[in-house]
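Structures are listed in the sections that come next.
First chain A sits with chain B, and in the next complex the same chain sits with chain C.
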Partner chain A sequence: MPRRTAAAAAVLMLPALLWVLLLLVIPQFKMLDLSLRFNLPIEQVGTEADVHTLVNYHAFVTNPLYWKVFLKTLYSAVVITLVSFLVAFPVAYAMAKLASGSWRRRLLILILIPFWVNEIVRTYAWVLILTEHGVLNQVLQALGLMQEPVSHLYRDSTVVIGMTYAYMLFMIFPLYAVLESLDTSLIEAAQDLGAHWLQVLRHIILPHAIPGAAAGGIMVFMLSVGTFVVPSFLGGKGALWFVELIYRRFYDALNWNLGSAFSFILLALSMLFVVGVLRLFGIAVRRVIQAS
Partner chain B sequence: MPELDQRDVDVELVGVTKRYGDLTAVAGVSLAVHRGEFFSILGPSGCGKTTILRMIAGFIEPSEGEILIAGKPTRGVAPNRRPTSLIFQHLALFPLMNVYDNIAFGLRMRGVSEGEISGRVAAQLELINLSGYGPKRVDQLSGGERQRVAIARSLIIAPTVLLLDEPLGALDLKLREHMKEELKAIQHRVGTTFIYITHDQGEALAMSDRVAVMSRGRIEQIGTPSEIYEQPQTRFVAYFVGENNAIAGRTAREDAGRVVVDTPEGRLVSRNPQGMEAGRSGLIFIRPEKLQCTAGDDRGSGPNALRGTLEEIFYEGPMVRMRVRLHTARQVAVVIPNLGRTVLPAVGDAVVVTFSADDAYLLPDGGA
Partner chain C sequence: MTTRVLARVTYLLYLGVFLSFLYVPLAVVGILAFNNSALPQFPWQGFTLRWFRAIAADPLLLRAVANSVVVGAAVVALAAPIGVITAFLLVRYRFPGKNLLYTLVLSPLVTPGVILGVSMLIFFDSLGVQAGLATAVLGQTSFIASFVLLIAAARLQKFDRSLEEAAQDLGATPLRAVLLITLPFLRPAVMAACVVAFLLSFDNFNTTFFLIGNEITLPIRIYTTVRLELSPTINAISVVFILLTVTMGMATELLRRRAST
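Moving on, here comes the complex of A and B:
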């Protein structure tokens, strides 16, 4: 690369690099450091009593409440990711392969409109739908399917529904992108060689869509394990999620050290989990990055 | 449509029409393709030939008419249930599969055992001279190799008819010439009926047993390559297939298959394939290679002689192309083989262009 182009590239990259360094890398190291120290009274911070320790990580392993909530969160995030894929795939396929040009634009706008509204507002909309005298119960009672109204809120399943909805776009768009790049003549060639639609789906469409599904899956999964809004609004006390545990360490217990340790455990284990799943399906990370 | 023994017909179209809204892509096409035949459909882009191919393959249903494959009606039969196989214009090899898996695909979809598949794929690879290429990725192949893999992938399911949608279009000239011979050789070896779509008359004439020339959704003429070239029945075929000189005139009299035509170039004699009567206007067609060109202005004693000036000479190696401006300012093209002993007239010389009445034919002015 000519030297001037390299210099120009460095200057253009600078804001982004500063952003990552100042707002991500440095705070993360500060948190890592915090997570490796005792939770001391403020006057002892910085004295010789303030030494490095693994006590916070030890607490996570030994206290069943902590790792059980963590496992449940992980499990729910997997369910959310799978449900997102099942819902998003037909939508993305219809948009990419079945809709004509003008319908495709209309569908894209229809899908985008709800997401112009803030995540908190959208989550409150679900509260209005699912609450005891909410829209869902009114409909069910009107149809005679339900006698006594019950609240659908504060359950794990409610959180799964809310999160699937909240992060649907992150699944639809990568899938839409890969499916749009699928040459329609490949589908026709497979049919022509004797494949019925299930075989076409299994041998042609799904293999082609894997990078997009993986890209969308990683985003939905990481957002689901890391979000706070949806579980606290829809889950409340009835459905405890790991991020709420972290929140409480910081703001209720004022134990920043334990909270930092939890944050790191969440980050490290969920990343490990993603890498493990990709390995399991033999998906090269390079292809996923290209698709997203 | 000619009477045909049904046992010998692999594909038959009866009054097939396809409309898209107000647009008629294919208008009442009837044709019969014989077993083992190399049949080409030749026409300019947009003439409906690809629509016909896709209707035979089953991707499009005709608006009207019937398509029979091996004697059986095909309406409502899905592409995966038809005994046809299509070679796509851009081949549509599966990019995520290697050569072996591409060729094996059709058999796997039919539930053939892997043991049998490996033998049959090896046989196909041998047929296309690509033995040992099985593990290669599709993007490691050259254009010609990809072509051959696509053919093997289609032939392995032993289709009644192989449909080819301009598969040589994307290749460079040398490779295209080579693939023409290769395709013909493969067809001889396997004996499958081929229906070949092209806009390239050279391909159609060189490879086909019979050619159907199409224009604007209709069949203009069906015949052997030499019938199409030597005896066009319509003006479209005369203009579209090969190069042609046309001279307009009015018929003076006709007798015994010959017709005498009064033209601005004088009185000319030609064949009269459509039996046109006296007093009608028509076009005399004569191929450039059927013309002779001699220096001087002696018209000689023959009936068909045109006087003019040699305007341009294009030396093309195996042949020499000349452009002659006649005294009516009309241009004619003349092509003579480069035999090495002919002394060519020089540019600007007065020349006489002559032709035999057997080589010229008259067609009506207003189309077919």
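Moving on, here comes the complex of A and C:
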């Protein structure tokens, strides 16, 4: 590299280094470090009592409440990701391959508009529908299907529906992007050769859609395990989801060390999921990013 | 033939159900913002704009909106240069550790926002920095710069470098060539990235929630209000919020389309 180019690269590197070190790497190492220490009274922090320990991770492993909340959050996120794929795929396919020019644009805009609406507003909408005197009960009562109104809030299933509603749109656009790039003549050729539509789907469309599905799946999964708003609105005050557990360590229980351990577990889970999905489908990160 | 028609009808039906599922909840929020009833619920009691007037009378809500605008502007001012400069670095230079840097700058896109917030809360606290608007700005910048980077890098890859070389042959210094030739080429992408950055900041809850301290932004204020009580004022502010974000979303879509030509 000529000296001038090297100097230019060094100057350009500065903002990137500040960004990566001060906002990402050091904070996350600090979080890991804090999770490996005892929750000491402030005057003992930094003294010889402040040593590294696995006590917080031990607490996570041995307390069944924490485990149950973690597994429920993980399981729900997997379900939401799969359901989002099943719901989104036909819509993305319709946009990419079935709709003609003007309809495709209209459909795209119709799906983009709710995508731009804030998650909090979208979740609040479900509160208005599912609450005791909400829209759903009024409809059910008007139809004579229900006598006494009961609240549909504060159930885990409600939280799962709310999360699916809030995050499934993140599946549509990556799927749409990959399906649009699929050469339609491939599908037609297979059909001309007598392939059943299921065979076309299995051997031509789905393999081509994998990077999009992976990108969408990673987004939906990450948003689902990391959500705070949806369980908080739809699950009620007693609902325990993993991020709520983290929040409580920081603001109610004032045990930042345990909170950091939970956060690190969540971070590790998301990283594992991303790496796992990429390995499973044998795709490079760059293709996923291009699709999303 | 009839199966074809049946398949088509099923498909259209499915799309109809899907779009209703998307829009009915939003319509409920919107309609109840205009209902003359003290609670955000049916039956319809007549049209009113009083919930929109109530926004103007709510000092906390106004403060939240003002804070959101300030935070958004600050995030744009930070994330835009960081993202664009890093795009230059990654598209144009080879250096040891480039792949690692690439992974790190894109990692916020697949990190739960809560983690970004918590980790920076811990870091800033260890430095004795109090959580507030400034820490929220830094927290949001940590992932919004990644979006700017992606948009700028996509455009930069399409740039024909012989144009810069031509400028240099005509006597421009390399820096001048970039300023006069490359940056104007990047302008639509940078503009799109700025609107995206503002929108993402304006919308953000997860990261901001942990870093905002005792201050409020619009999403934070809406969140705490809903936790306390249901009120049609929330519907009214939601309608305003929807109009703002959808307008910004449309603008990014138009700018991006221009940037991709």
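Here are some notes:
As a working rule, the second predicted complex is superposed on the first by the 250 of 292 C-alpha atoms of A that agree within 3 Å, B and C clash if a C-alpha of one lies under 4 Å from a C-alpha of the other, contacts with A are read in each partner's own complex, and residues count from 1 in each chain.
Definition applied: a contact is a pair of C-beta atoms (placed from the backbone, for glycine too) under 8 Å apart; a residue touches a chain by one contact, two chains touch by 3 or more.
Bear in mind that the values here come from a model prediction, so they are computed numbers and not experimental data.
Contacts of A:40 after superposition: neither chain B nor chain C is touched. Once the two complexes are laid over each other on the shared chain, residue contacts for A:246 go to chain C alone; chain B is not touched.
In the superposition on chain A, A:199 makes contact with chain B only, while chain C stays out of contact range. Contact with chain C, but none with chain B, is seen for A:26 once the two complexes are overlaid on the shared chain.
Once the two complexes are laid over each other on the shared chain, residue contacts for A:278 go to neither chain B nor chain C. Once the two complexes are laid over each other on the shared chain, residue contacts for A:207 go to chain B alone; chain C is not touched. By the touch criterion stated above, A:185 is placed in contact with chain B alone, chain C being left untouched.
More residues of chain A are in touch with C than with the other of chain B and chain C.
Overlap of the chain B and chain C interfaces on chain A: none, as no residue is touched by both. Touching chain A in their complex are the following residues of chain B: 57-59, 78-80, 84-86, 88-90, 92-96, 105-106, 109-110, 153-154, 157.
Contact residues of chain A toward chain C in the complex are 1, 4-5, 8-9, 12-13, 15-16, 18-20, 22-28, 30-31, 34, 87, 90-91, 94, 98, 107, 110-122, 124-129, 131, 133-135, 138, 165, 169, 218-219, 222-223, 225-229, 232-233, 243, 246, 250, 256, 259-260, 263, 266-267, 270, 274, 285, 289. Chain A contributes residues 183, 185-186, 188-196, 199, 203-204, 207-208 to its touches with chain B in the complex. Interface residues of chain C, counted against chain A in their complex, comprise 11, 14-15, 18-19, 21-23, 25-26, 28-29, 32, 39-43, 81-82, 85-86, 88-89, 93-95, 101, 103-116, 118-123, 126, 138-139, 141-142, 145, 150, 174, 199, 203, 205-206, 209-210, 219, 222-223, 226-227, 230, 234-235, 238, 241-242, 245-246, 248-249, 253.
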